[in-house]
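Have a look at this one before I ask anything.
Think of it as A, B, C and D in the order they're written, each chain with its own count starting at 1.
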Amino acid sequence: MTQQPDSIRVGVLGARGRMGLEVCKAVDAAGDLELVAMIDQGDELFKASDAGAQVFVDFTTPDVVMDNLRWAVDQGISMVVGTTGFTAERLEQVRGWLAAKPGVGVLIAPNFGLGAVLMMQFATRAARYFESVEVIEQHHPRKLDAPSGTSTHTAELIAQARAEAGLGPMPDATKEEVDGARGADIDGVRVHSVRASGLVAHQEVLFGSLGETLTIRHDSLDRVSFMPGVLLGVRKIRQRPGLTVGLDSFLD
Amino acid sequence: MTQQPDSIRVGVLGARGRMGLEVCKAVDAAGDLELVAMIDQGDELFKASDAGAQVFVDFTTPDVVMDNLRWAVDQGISMVVGTTGFTAERLEQVRGWLAAKPGVGVLIAPNFGLGAVLMMQFATRAARYFESVEVIEQHHPRKLDAPSGTSTHTAELIAQARAEAGLGPMPDATKEEVDGARGADIDGVRVHSVRASGLVAHQEVLFGSLGETLTIRHDSLDRVSFMPGVLLGVRKIRQRPGLTVGLDSFLD
Amino acid sequence: MTQQPDSIRVGVLGARGRMGLEVCKAVDAAGDLELVAMIDQGDELFKASDAGAQVFVDFTTPDVVMDNLRWAVDQGISMVVGTTGFTAERLEQVRGWLAAKPGVGVLIAPNFGLGAVLMMQFATRAARYFESVEVIEQHHPRKLDAPSGTSTHTAELIAQARAEAGLGPMPDATKEEVDGARGADIDGVRVHSVRASGLVAHQEVLFGSLGETLTIRHDSLDRVSFMPGVLLGVRKIRQRPGLTVGLDSFLD
Amino acid sequence: MTQQPDSIRVGVLGARGRMGLEVCKAVDAAGDLELVAMIDQGDELFKASDAGAQVFVDFTTPDVVMDNLRWAVDQGISMVVGTTGFTAERLEQVRGWLAAKPGVGVLIAPNFGLGAVLMMQFATRAARYFESVEVIEQHHPRKLDAPSGTSTHTAELIAQARAEAGLGPMPDATKEEVDGARGADIDGVRVHSVRASGLVAHQEVLFGSLGETLTIRHDSLDRVSFMPGVLLGVRKIRQRPGLTVGLDSFLD
């Protein structure tokens, strides 16, 4: 695709991984972005800076991502990071590096799915207006943890919003319960984990008050769904100096 | 409503209760049925037989229903019973009374909702064709038990159908679980109980195999939904001598 | 219920109507509100002001609501209005009356269901992030219009948000269509109207991009669901002088 | 996988096509089936019979499938056919060939998805018990026809079942309709076609009577979901001599 004169030059780190490859394709297909470097194990990072990369996208592994970040920040290259394994200590370290480079932005996001991010925003916002809320997440049966990370995070956000609005515990008259029927208790919010063949990754947040319910549901079928969120990050990161955690604040 | 000459004459026992009242209205509104007696506490049963009742509908209480049944069977009156509390012993006793009255039919059903009955039939039938199945039931927060009786019964029927088809345990790689996340285990079938204001009575059975899911969902909003099932029973009971348990076999 | 010393004194106009009666019950049950007057046809409005009403709630009819509004504004009484039939001319007239009474607030809202209002807010907000969106509304079969007013309004809001974000038409390769299959076209957004016994009032907004969908669904089963929205209006209206149309801006 | 001594020997025609390839993988992975020949353009059919094939699976094209069928029937090889384009004339011709070979079975099915087949069975069965029913199908936006073939067929089956049960038209008070809002009319059953990015192939059949609804929903995400149906056909076809159209009767 012919690039516009003011297109953003992008380097992809982890370019041969499953996510990295999708990012390369998505950058390549976007008229306002230019893919200038595909870096993976065995390649040197300076190839990317030599190619004039203005933004790096990093889908690598926890053991190399910190080196990548340090090097990019030093070079004044902004970065969009989907790699996992960021502890509070690591985030603090990145903030330290960025303090010395005021023009550089880094976005670290656990989830680039716009649908998932919006679901969490909407759930947080609706939480104060309803008496009851429960979360039902549904995944393929190869998943190791229950509940999912996203559903746990959603429940925590809801619990916090309810507390801020002064809402007490939800009504629940259950007296006789077969163990587990009422789901997991995450900060007072019940979360149910369904596992079945044929499912991919789905989540439903069900709010209820007398006479009405409001349901927010997200269905994710393919990792290609993360690309719009990654591209949104790439397009905006240079206007957001410093460290941003979570795609949330990039939506507005 | 003008009655047809061959209309069935119906007496309602427990006529002033919530369900009984609905039955009276439904019988009254049906062109092929005639409401000839409304009986409740303080009324004598012979008023109903004097009025020529051919079928009794009983929505009373466990402490009087056996007397009602005995008396009706003795009089040769068939009976449709929605009252709860029937043990194996009680059912055996009713069978004994009916043995002496070959022309009389009694239908005892825990659930007259056609939707619920069909949901259970379909779930039983689909069970053998899918790798995975889970049940999600959703009710108002005043409900005392979790899971609901209907969902427990559904899970038992599914477990039995899977066993008969030689299916083994479902795939489930869960390693880390917050207590309760994976729901209650009913004969190997996971059941999840959601409780929230704004809900009435809902149940979803989710079947899955590689690449597809099949979902059967029942939403019950009002006890008026039981009336088609009660009327179906009234219309057919005299052609079904002996004891029938469950509305199931009346549908076909 | 014992009233708090600083409770708001409320008069209900149209108190014997279906909605008015619910409002009376809801105000009566709220610890921070005091029901001081129930007015209906044949009652004089000054009974309500004599009783010290600070806020009126009006669920009357289009032919009397303007008189009620004029009188209340003159008396310095704020007003929460659910009565229908407001044209641009009527709204302008109310604004004129309020201009002379800077301390008085009037809220006129077509829908007091918080769930419906949040659904529309979320749909508007999500609209710019997805390639596709369609609306499916489901109602009881006694409804006269299709699509529903709420779904039409939702589609208009979505169309406007898409236009503002520079989104073009949605992908749709349909070549052969049985008339009506693709629904009604409301400003380029497809709306589907389902009508069936057993339904009450439901709406689903389905957003999709490659690999994911986001669904926002509202189920309204009972007019009691409008009460939290009415009470929210009553509690806030005296801090919102002038005319507010729609409950939307009261949520935040 | 080690084959059992009594495994069925299977030849796949159209083995290099998308469906054919999936069939080869599925047969290969099944312990009770043996993949003995993979035939595609340029290969001779006798290679498959030489290899001892007992059953052929055909996912080829309308222009070669009739030759394949004739040859297989002549050789006494049973056949499971997913190729499209069968007219009444073609079916009659196949029946003619089979008349001369009483031991051979042929199954021709437009849809091998067990979920879709069960959905249609259940919808047909539920049709007589509800006042209202509508069909909502949802597909990716590259689909050319609306409504889908499966939803049209479902609506026809429902219409027929309602007619047989003596049900009249459904209640619908719609007076004002924006063109298309109420969907397509297929034999009196309304069908709504949703098209959006992120969707694959989904269908919902919604039944309703006063106070309750019953929903049957099928979600198909991947052509791998057709394999259990194909294998079911392969396993049973030799016990079903003659022509069978539709997988339906193989389920029970």
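Here, contacts are C-beta pairs under 8 Å (C-beta built on N, C-alpha and C of every residue); 3 or more make two chains touch, one makes a residue touch a chain.
Everything numeric here is computed off the predicted structure, so don't read it as measured data.
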Checklist entry - When the contacting C-beta pairs are counted for B-C and for A-C, which pair yields the higher total? => result A-C
Checklist entry - Looking at C-alpha means, what's the farthest chain from chain D? => result C
Checklist entry - Counting shared numbers against all numbers at the contact of chain A and chain B, is it over half, same, or under half, different? => result same
Item to check | Mean-CA-position distance for chain B and chain A (Å) | outcome: 47
Item to check | Distance between chain centroids, defined by C-alpha means - chain B, chain C (Å) | outcome: 39
Checklist entry - Using CA atom averages as chain centres, what separation in Å is found between chain A and chain C? => result 34
Checklist entry - What positions in chain A touch 2 or more of the other chains? => result 130, 198, 207, 209-213, 219, 221, 225
Item to check | In the complex with chain A, residue positions of chain D that touch it | outcome: 198, 200, 219, 221, 225
Next on the checklist: Going by the contact rule set out above, which residues of chain C touch chain D in the complex?
Outcome noted: 130-134, 136, 138, 141-147, 152, 170-186, 190-199, 206-213
Checklist entry - If you look only at chain D, which of its residues touch chain B in the complex? => result 113-115, 118-119, 122, 125-126, 129-130, 207, 209-228, 251
